[in-house]
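First, the structure itself, so that you have it in front of you.
By written order: A, B, C, D, E and F. Residues from 1 in each chain.
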Amino acid sequence: MKLVVAIIKPSRLEEVRQALNSLDVHGMTVTEVKGYGRQKGHSEIYRGTEYAVHFLPKLKIEIAVEDALSDRVITAIREAAQTGRIGDGKIFVFDLEHVTRIRTGETGAAAL
Amino acid sequence: MKLVVAIIKPSRLEEVRQALNSLDVHGMTVTEVKGYGRQKGHSEIYRGTEYAVHFLPKLKIEIAVEDALSDRVITAIREAAQTGRIGDGKIFVFDLEHVTRIRTGETGAAAL
Amino acid sequence: MKLVVAIIKPSRLEEVRQALNSLDVHGMTVTEVKGYGRQKGHSEIYRGTEYAVHFLPKLKIEIAVEDALSDRVITAIREAAQTGRIGDGKIFVFDLEHVTRIRTGETGAAAL
Amino acid sequence: MIIARTTKVVGASLASLTTLLYALPALAQSATSAATAAAPAAAAPAAPAINSGDTAWMLTSVALVLMMTIPGLGLFYAGMVRKKNVLATVMQSFAITCVVTLLWFIIGYSIAFTNDDPANPGKFIGSFAHFLLNGINVNSINGLAPTIPEYVFSMFQMTFAIITPALICGAFAERMKFSAMIIFMSLWLLFVYAPIAHWVWGGGFLGGLGVLDFAGGTVVHINAGVAGLVCALVLGRRKGFGTVNMAPHNLVLSFIGASLLWVGWFGFNAGSAVASNALAGAAMMNTQVATAAAALAWMFAEWLVVKKPSVLGIISGAVAGLVAVTPASGFVNPTGAFIIGIVAGVVCYYAAAHLKKMFGYDDSLDAFGVHGIGGIIGALLTGVFADAAINPLGANHSIITQLEGVVVTIVWTAVVTWVILMVTKMLVGLRASEAEEEEGLDITQHGESVAE
Amino acid sequence: MIIARTTKVVGASLASLTTLLYALPALAQSATSAATAAAPAAAAPAAPAINSGDTAWMLTSVALVLMMTIPGLGLFYAGMVRKKNVLATVMQSFAITCVVTLLWFIIGYSIAFTNDDPANPGKFIGSFAHFLLNGINVNSINGLAPTIPEYVFSMFQMTFAIITPALICGAFAERMKFSAMIIFMSLWLLFVYAPIAHWVWGGGFLGGLGVLDFAGGTVVHINAGVAGLVCALVLGRRKGFGTVNMAPHNLVLSFIGASLLWVGWFGFNAGSAVASNALAGAAMMNTQVATAAAALAWMFAEWLVVKKPSVLGIISGAVAGLVAVTPASGFVNPTGAFIIGIVAGVVCYYAAAHLKKMFGYDDSLDAFGVHGIGGIIGALLTGVFADAAINPLGANHSIITQLEGVVVTIVWTAVVTWVILMVTKMLVGLRASEAEEEEGLDITQHGESVAE
Amino acid sequence: MIIARTTKVVGASLASLTTLLYALPALAQSATSAATAAAPAAAAPAAPAINSGDTAWMLTSVALVLMMTIPGLGLFYAGMVRKKNVLATVMQSFAITCVVTLLWFIIGYSIAFTNDDPANPGKFIGSFAHFLLNGINVNSINGLAPTIPEYVFSMFQMTFAIITPALICGAFAERMKFSAMIIFMSLWLLFVYAPIAHWVWGGGFLGGLGVLDFAGGTVVHINAGVAGLVCALVLGRRKGFGTVNMAPHNLVLSFIGASLLWVGWFGFNAGSAVASNALAGAAMMNTQVATAAAALAWMFAEWLVVKKPSVLGIISGAVAGLVAVTPASGFVNPTGAFIIGIVAGVVCYYAAAHLKKMFGYDDSLDAFGVHGIGGIIGALLTGVFADAAINPLGANHSIITQLEGVVVTIVWTAVVTWVILMVTKMLVGLRASEAEEEEGLDITQHGESVAE
């Protein structure tokens, strides 16, 4: 199995969720993160003191999928999350050695 | 080494922590995340407008362990986190290539 | 490619960011996490009732890098994040199978 | 007949727009020449003398009503927006407070509440003579409030002038440019609020007709509500409206806001007795009873319809009740207030939860649904429930006269608000850019953000 | 002897439960027949005349005391619960405000503060004649407050009737069903609060006995505190009590709440002079001194015991001081208030931090520990420190008489609260389900949540 | 000449330090012997009689001014610190409220506002006779406030004594030890605030010289601002100052705080008329106009310089305006207030945003930049704009006399604040340890934290 991890713009979550649903992928875990990259941050000035805000709000989406599905998931995310502007984010793929469903104890693909 | 990652219900954290302690695992990193899966969310209605809340609060626990320990850790988490109701979560295992302890520079199992 | 993951003290973020910049690494993703380990937590007492706070605020930094760079990144983080006091954190390295840049669809090293 | 009569009145008031536009530059010019044969508005008191008790209550009322806007209304609205717009939302209330204060001091009070010849007050606008409060001093008394110093009366009225435009902000939340808002509100105060306040309270033609408005059903709430609706229509919906989750980010703030609105409203309604007496007491009791009734009415209606009573529901109902009882508070008895409250709670719930959807406009925080509709309910029912035993001035109450007041106000505010929006649009544009709206107004308009 | 006498009094008061239950349906019926030969409570003033200064202060006091409950108490409690229950907690204060307002308007005021024959007031309950405030108008004056309009007096008393049940909520926080809370509080207001208010202030037998309670030590605080204890015992502990982390989620909210309680309490205590005079000033000074003394006493006690002075400690101490000085505020001198404050701070700290643990009940936010215990301290010490130079009515102070008042109040409220809880349980059940409690009351009771 | 005269005055006031230190232990001793031939400060009224309207307004003012500190100032400051210090920041305001209350009751009021021989008041300090408010009762009246009970006057002055030290906290935010703060503030109240209040208002030499300070420009704001600057210099900068992100964590809190400061300030300024009359009305109008003008001036200045109008900017400007108009509020007319406001807004913006950087001290929340600078602007401009038509006492206004008042205050507070800091440092140290500062004061000083 694979773990597909996508860093996306917060406003694209709903589109990504729907795109995955149409692939029959109905599970994922989302984390609020801050991203740093090419996309410029901004600066805030409080009573004359300037603070550079380098990190911008992003969402990290993690989806465990069977190997076979991973390419389609990547494409689906890419299409749903793309705005074409800098800062759209990345998709990472990791090898996932083992999965267990806590409730039932099932493992492997059955646990997804 | 392995990285064991568990997505659990927030109310089970304390049980999981204690279960790991009894295995002499005394390190972990916890993240507040939102989960999407079989467990139904709910909807909130504000002045007649309904918003579906698909994502539910979960905790992600990450524990780096030696290979030998990983099965026992999985079992311990599973037992401590299980309520038997939908949404209990998953346990993922990844291969962990390298660990360093920042304070001392130790690497490998010594760094845990 | 590799994913280098560092758990650090929140106050060291700026140093780490600058250290990575000098290696020409200009992308990373940061998550607020809670850490449990050797570093003692504290307890809070509210009207006579004591609650042990085992988990301390940490930051998780994730940096995807080319294989060749990973050692230098580890060293740079270690130096920048080190205070020498318990709780400085860990650096984990994972194998990263695949990267896509959402905006352009580039993959591999070009996507970083 | 009522239609004919109303049309005439509306025509006359539209005509006054020209007068006003013409008169403004010539600040010292008397505008009352336009208002021949106006009925004397308020009898000049024989020997006015400051009463320290009345003054104490009115000083207090000023503090209470200011507290309604800052922090009250600011928080009420701020809790309902998304987190990225929370600072921009409180900023609106605070900046309006400052801008209106200066405009009121410069010329607003003069236009609305003074007359060159008090015995023969201007039908459409007051005097321009008290530019910068010229001629007002520690010995001045305004005939409209004969037992308190004019400084206190003018301050009291200022707090009303502050909250009215601030209410409008609910309609265009999360998308208006800050610069546009400042310009719009400045013009709106001078060309909408000040004249209408004059018509109803300052000696103008609506008060003369016998329209009853104890504390501002028409002047404040219908006025702001309708202006809000026009803003919502002209600005258009928020980006993502209907698909993106726009749930209130922190109703604890709205709870604080609604509570302070309620507490402060005692200054608004009981303060409108402009005295520390039993009428103030009656207004206070009416305010309390109507508010509680409306809050529970909304809550139970929602409980019935969507199966859960909500915090947003009960506090919205409370505000609806406060709005509806405003014109009635010094005319009806508590039983009348109770009925007004129940009607307002149910109808405003319907307006906010269903009417809006039906028509599809994005009155984001229901400035129209609560203040417009609630104000209309209150204005009309004042004509039904006014009780001469509470206030002899309400003896000749008539729902027809009330309706006239409502229609005139709606027409004037709708038309002039629209004109001002167009002017503002030409000057600086109305909406933040799409990218700014998505990033949030806190960062893009003000360069600030809330951490946590 | 005191025991015998107290027993008699308690017996009599329990008997009045029957009377009350019987009398309620027949709203117009005079209940005073049950109260033969009652001592005239408050001398009828010769020629009552409204004083505008007194009225101004009482209008202000109404606003201040309402602010104590919304947003004050709502925030004080909301900051101490877990985040998943924060909206449900403020909802309780707000909904109680609305429900009690209507009940007070409908019949509560009539029962508590009016008498069919003012010269011969009801020993146990007042009149049912003022249903819907019938017969009260802008000329009415209640003999208990001869220099202000009755509408104002009735509003002032209403704000006391609002905060008392709201205080109880601290005892059952984070677990009671919303529907159960509404029913419980409605019955409690009518069967516990209204009669006790009548006994002490409305002409009933406790005031007749000479029990001193300037602003509500027995009527408000002991009453609410003991009712809270009964609720905590009947409902049982929160799920996970003792193991799960139940630390206050945001003490900034509690800080705001405590501060507004303090500020508003001037209306409560100094307002209880029902006049704008030196007694009000003395009550204000006493309130301030006792509160500061108790806050610091709690803070230093905690600093000594657990090595750190805490925000929750100092604000809890302040509230304990406010509670304890309430009955005393218009009877003692500032030095007396100072001592009362120190005693209250230390003892309430002990009660909240240790007593509760000893007995193991889950009085979640210490409604009993602070209001019950603090109220008892204040009621008793009023009997010790009353100074006739401050208030001649306190000349015959006696700790024995005070104790009688305390015991009667405790017995009545404990018994009737228990009965009402049983009735409510039968009707709708008392607690949210375990799953609901775990998910949090915000979502499960109200379908809302706080974002961040 | 002014320098010579000022030097003399300063010398005399420094001499009084010795007097004070000597006199303190002997509480009953008369200190007025040191003040020979002092000008009678306030004419003793012929037949003082309590006025219920005046009293009502002053009771209200007490509530308003207390609300300025808790929760007002607490929130204003708390929103500007980092999240890890938010509880410690509100704790400072709350604890100071409690400590000052007790000190004022014990001896502060006596020192500042009473004199052994009222006809011949102490030049440098008042009397020690009213230890524990001894000798004050429900019939007492202080000649400085002849129409209200002395308890009310003493309470009113107490609220000023509370907020002044609390203002200083802005200068050493996020780093001072709690124990040190308590000790420092206690000494500061007795050795800095109480004497200066006496000099200006209590019959002392500065009032005698003709220094105009209606509501506390010197006594409160310059005093606190300069003390803050000394604290900032002595304590040094926060760890990481200039490199670490120290952005305000939640300006919604600061918005609430600033709003409540504004509302409460009506009690401060209009309350300083110590009567419910037209002068109070004028002070209220002046306060409102100056505040709005300063808020907008700061906002537009910032908009020009850094291209964005900010919430922190507009609320800071409002506070600067409130500060600057404080000494002037009962002397100038609204046009004067308007000008004062604009000057204060622009200059304080410059001070907070640029001056501080130039000198490099870490006056963290600009206690000096806003209160020190704003207070000086206001004190001096009162000498320019005082209008005898508003207040005949301002007829002989002189910027030179005002400057003397300013210089004397600055010198005394700077020197004595420094001495007290040294004493405190010796006793317990001033700063939290580096590790504590990094972990945050909430956890390390108070063992608490805000969840979310």
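Please note the rule applied: contacts are C-beta pairs under 8 Å (C-beta built on N, C-alpha and C of every residue); 3 or more make two chains touch, one makes a residue touch a chain.
All values reported here derive from a predicted model rather than from experimental measurement.
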Note the shortest touch-path length, in steps, from subunit D to subunit E.
1
At minimum, the number of touching-chain hops separating subunit C from subunit D is 2
Between subunit B and subunit C, centroid-to-centroid distance (C-alpha), Å
18
Between subunit C and subunit F, what distance separates the C-alpha centroids? Give it in angstrom.
47
Could you please state the distance in Å, as a whole number, between where the Cα atoms of subunit B are centred and where those of subunit D are centred?
53
For subunit D versus subunit F, what separation do you get between their C-alpha means, in angstrom?
36
Subunit B, residues touching no fewer than two other chains:
31, 44-46, 94-95
Give the residues of subunit E touching no fewer than two other chains, as numbers and ranges.
51-54, 56-57, 60, 245, 247-248, 256, 276, 306, 308, 310, 312, 447-448, 452
Got a list of which chains touch which?
A-B, A-C, A-D, A-F, B-C, B-D, B-E, C-E, C-F, D-E, D-F, E-F
Which of the residues in subunit E come into contact with subunit D in the complex?
50-57, 59-60, 62-63, 66-67, 70-71, 74-75, 78, 86-87, 90-91, 94-95, 97-99, 101-102, 105, 132-133, 137-139, 148-152, 154-155, 158, 178, 253, 256, 276, 445-448, 450-452
Across the complex, what residues on subunit A touch subunit C?
2, 6-8, 31-38, 54-55, 58, 60, 74, 77-78, 81-95
Looking at the complex, which residues from subunit B come into contact with subunit C?
3, 17, 26-31, 64, 94-103, 105, 111-112
In the complex, subunit B touches subunit D at residues 44-49, 51
Touching residues (chain side subunit E, partner subunit F) in the complex
51-54, 56-57, 60, 64, 82-83, 247-252, 255-256, 258-260, 262-264, 266-267, 270, 275-282, 284-285, 288-289, 291-293, 295-296, 299, 306, 308-312, 314-315, 318, 333-335, 338, 389-390, 452
